[in-house]
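Let me begin by handing over the structure; questions about it come next.
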Amino acid sequence: MSALFDNIINHINQIGACALIVIGLYIVVMHTNMIKRIIGINIFGTGVFYFFVSIGYVRGGQIPIVNGDESGVMINPLPSVLILTGIVVVVSITVYAMSLVIKIYEGYGTMDQAEITRMKSGENND
Amino acid sequence: MKRFIPVLFFALFLALTYAVLQMPPAGTIDAPSYNHTTEHYLANALEETGATNVVAAILTDYRAWDTLGETIVLFTAIVAVISVLRKRPTAEVIRDE
Amino acid sequence: MNDIIVKTVARIIVPFIQMYGIFVILNGHISPGGGFAGGALIGVSLILYTLVFGVGAAEKKFSHRLGDLSESGGILIYLLIGSVGIVSGGYFLTNLEAGFLKGETGALLSGGMIPLLMVAIGIKVTSTIITLFHAMIEEDPS
Amino acid sequence: MIELLPLINMMILLVTALLIVFIPIKRFGVIKIIGSLAFSLVLIFSVVTLLHVQANGAISYIFGGYERFIGVELYIDVFASLFTFFIGLLGLLTFIYSIGYVHKEVEKTQYSRYYVLIFILFFAAYGIIYTNDLFNTYVFMEILSLTACGIVSIKRKRKNYMASFRYLILNEIGSLSFLFGTALLYMITGYTNITLVNDALQDVWHLYPVNIVVASGFMIVGVGIKAAIFPFHVWLPDAHSSAPIPSHAILSAVVLKLNLIVLVKVLYNVFGANVMTSLNIPLFTGVIAGTGMIMGSVFAIAQHDIKRILAYSSVAQVGYIVLGISLMTHLGQAASYFHVFSHGMMKSALFFSAGCIIYVSGVRDVRKYNGMFKLMPLPVITFSLAALGMIGIPLTSGFLSKYYLGMAALDANQGIFVLVIIISSILNAIYYLPIVIRSFLQEPSSELNEISDSSIPYTMMIPVSIFAILILVLGIYPGILTDIIDGAIMSVVGGWQ
């Protein structure tokens, strides 16, 4: 049993990331409100980025600023670089989704996708 | 039926944690992802790029193509948002035809 | 939002925020930070200016035209810096072999093309944040 | 100098996009000239790279002159240059077509933004095919999904906003699960370069098999969502049918194919076939492809709007390509690449001719197509030629791709798929033939008889006829394409048997 607990403690970051991912997916799948879906996408994105950064973590490692004197063990810088790029991508996707929601609210008068599909099938103006 | 979906997602979470427990442990030097690429970055980022901040060195020198791709993501986000939001000279309604 | 206290405090704070943003951009290759964080800082200071002094005044400070120019300008600067590598016979986006001066470690002007790229990214992120904010504010309820 | 050509291709597309931002709205003619110049240059350079790469091997271009395990690498082999040539050709013809069509769909103020989005979409398309780096593929996939949603929502109608929002949310889930797969692979191999990941995987996969199963699951599902493979195609009909006609052609022929190319790269270059077959993933993708082929056509039968019919038939055709890939044999790959080409030609011909008909008569409902042949002979001819191709009548490229797929399925002794192909072709006939028959044989209805196809600008007719001729040429002389495809398969890591 204690081996299992050690194993869990070793992987606690990744388990947390998997929790965020599943929560994000749940929100996107279950809620029909558009703003909640965007929040779900952000949680899902944060979970994936948290998982990616936790790969590069070294317990007791220093930040990768190399000022000549070889001071000690440093963390793996590559995942944090890739996540810097990833965060900007999710931000720009959220901005675009928000601007779409503004215009959809003007057009349909509601934020709820289920209602909009009902309105559309009701009018069947396709 | 409604009660069943949260259980499904919890089962997915358990499956993911079971999978994660078998993955290589993070937080130590001997993790397989801490290989000669990382050692190369940490060892000679200073004399290959002249920057002390290794993250900035990777971001704008070793992998500068990703950062160019990313500024283009920002550029497309602006063009897309402006095409949706910017005021129009003729104020016709956005209802369908 | 023409409360006198807010205006005077904003008029004092905004330049310092921008100063700190420029510091973070230029010191990107020495201390943590860099083009994205610094650009966001300057963008936020312009948003503060728009909130306090209204969109009309902000329009003079950062017009649509300047927004368009600085967006594609940021990327064009990036491409020019990258093509210096090709002109000097190497690959796209090469740093020190392409003749960028290395400077001594830890100084502001060290690191070859890295500070230049950081400035280009800073311009790009600033214009992104402020143009998006202006687009959302001026959005017409048609 | 030749190694620089792929990079010059991408830079031309990017710089054109950046320059169009500066062009004032009223000078639309300048956009036309710059755009067609840029696309034709890119097409010429793609052909030159294809010939160069066929002659003396793949180009490996690493940014900054570092080694492969440090920098980001562009790897241009016959596979990459073949598909960039195809996408360049589609881009040029779609651009010429869209010049005549855009004023009918997009407002005047939106022209420059629309073309900026199109050029950045093709920049991302070239980026995805060229890169040999997993994280870089993720970044370019994000640019692709952002521009594709931008093209759909350019029409500023609430239907477009809704379709674009649903497309964006599902696309975002797809891209992030692809990134999650990359993270899992980085975790055990320590590289993001595709060839290095593949080499490291061969000897490490028995150590951490769980990682690979979860990573391949997330990646295939992620790419599947973006490529609208059957169970995840929910977003496709609305997004494609509400988009303007030129962008409908781009979305269907270019964006779907790109995600399938990423699927090929993931299945063959990243994991490699023996790792895949040992985890029997291809069986799973094969079953999905089979159901997709049939269900996609079944949905299409129920539709009446021509654009929704074409959207659902795209879902079915994606099933053909995924079927070819999941057979995991040389013949299977050859059949799916050939179908990528022939589907691109046929689907674009269908879109453009339907666009010409809508341009003149505004008729979108298929039931009102009677007598179209007497009113507009040329677009109806190209439409019916492409429709016969989709059904699989001999002498068209559609027949050949179904024939190659059948042979590949038999060769991989999975005969059941031959039956699936036949059923799907019959279903295609059920919804394409009535349109063709109605437009040829019946009399035109009264209020339509004063229009004629003289009013269609020549810039729209040229691309339509080029596509129609290419369908026939590919149908009769497939040899020119098939031996390039064999070269492409040899260059894909693990091209064997």
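Should a chain be cited, it is by its letter among A, B, C and D, assigned in written order, with residues numbered from 1 in that chain.
One rule holds for everything that comes next: a contact is a pair of C-beta atoms (placed from the backbone, for glycine too) under 8 Å apart; a residue touches a chain by one contact, two chains touch by 3 or more.
Since we're looking at a predicted model, the values are computed, not measured.
By number of C-beta pairs in contact, B-D leads over the other of B-D and A-C.
Taking the CA centroid of chain C as reference, the farthest chain centroid is that of D. Taking each chain's centre as the mean of its C-alpha atoms, chain A lies 26 Å from chain C.
Distance between chain centres (mean CA atoms), chain A to chain D: 28 Å.
Chain B and chain C have Cα centroids separated by 21 Å.
Taken residue by residue, chain B touches two or more other chains at 16, 23, 26, 31, 33-34, 37-38, 41, 46, 52-53, 55, 59, 61, 63-67, 69-70, 72-77, 80-82, 84-86, 88, 94-96, whereas all remaining positions touch fewer. Annotation for chain D: residues 14, 18, 21, 63-64, 135, 139, 142, 146, 149-150, 153, 156-159, 161, 186-187 touch two or more other chains. The set of chain C residues that touch two or more partner chains comprises 31-32, 71-72, 75, 79, 92-93, 95, 105-106, 128, 132, 135-136, 139, 142.
Taken as a graph of touching chains, this assembly is fully connected, with contact between every pair of chains.
The part of chain C that touches chain D in the complex is made up of residues 68-69, 71-72, 75-76, 79, 85-86, 90-95, 97. The part of chain B that touches chain D in the complex is made up of residues 16, 19, 22-24, 26, 31-38, 40-41, 61-66, 69-70, 72-73, 75-77, 79-80, 82-84, 86, 88-90, 94-97.
Those residues of chain A that touch chain B in the shared complex are 4, 7-8, 10-11, 13-15, 18-19, 21-22, 25-26, 29-30, 54-59, 64-68, 73-74, 76-82, 84-85, 88-89, 92-93, 95-96, 99-100, 102-103, 106-107, 125.
Interface residues of chain B facing chain C in the complex, by the touch rule stated above, are 46, 48-53, 55-57, 59-61, 64-65, 67-68, 71-72, 74-75, 77-78, 81-82, 85-88, 91-94. Contact residues of chain D toward chain B in the complex are 14, 18, 21, 63-64, 66, 69-72, 107, 109-110, 113-114, 116-117, 120, 123-124, 127, 135-136, 139-140, 142-143, 146-147, 149-150, 153-154, 156-159, 161, 184, 186-191, 204, 208, 210-211, 213-214.
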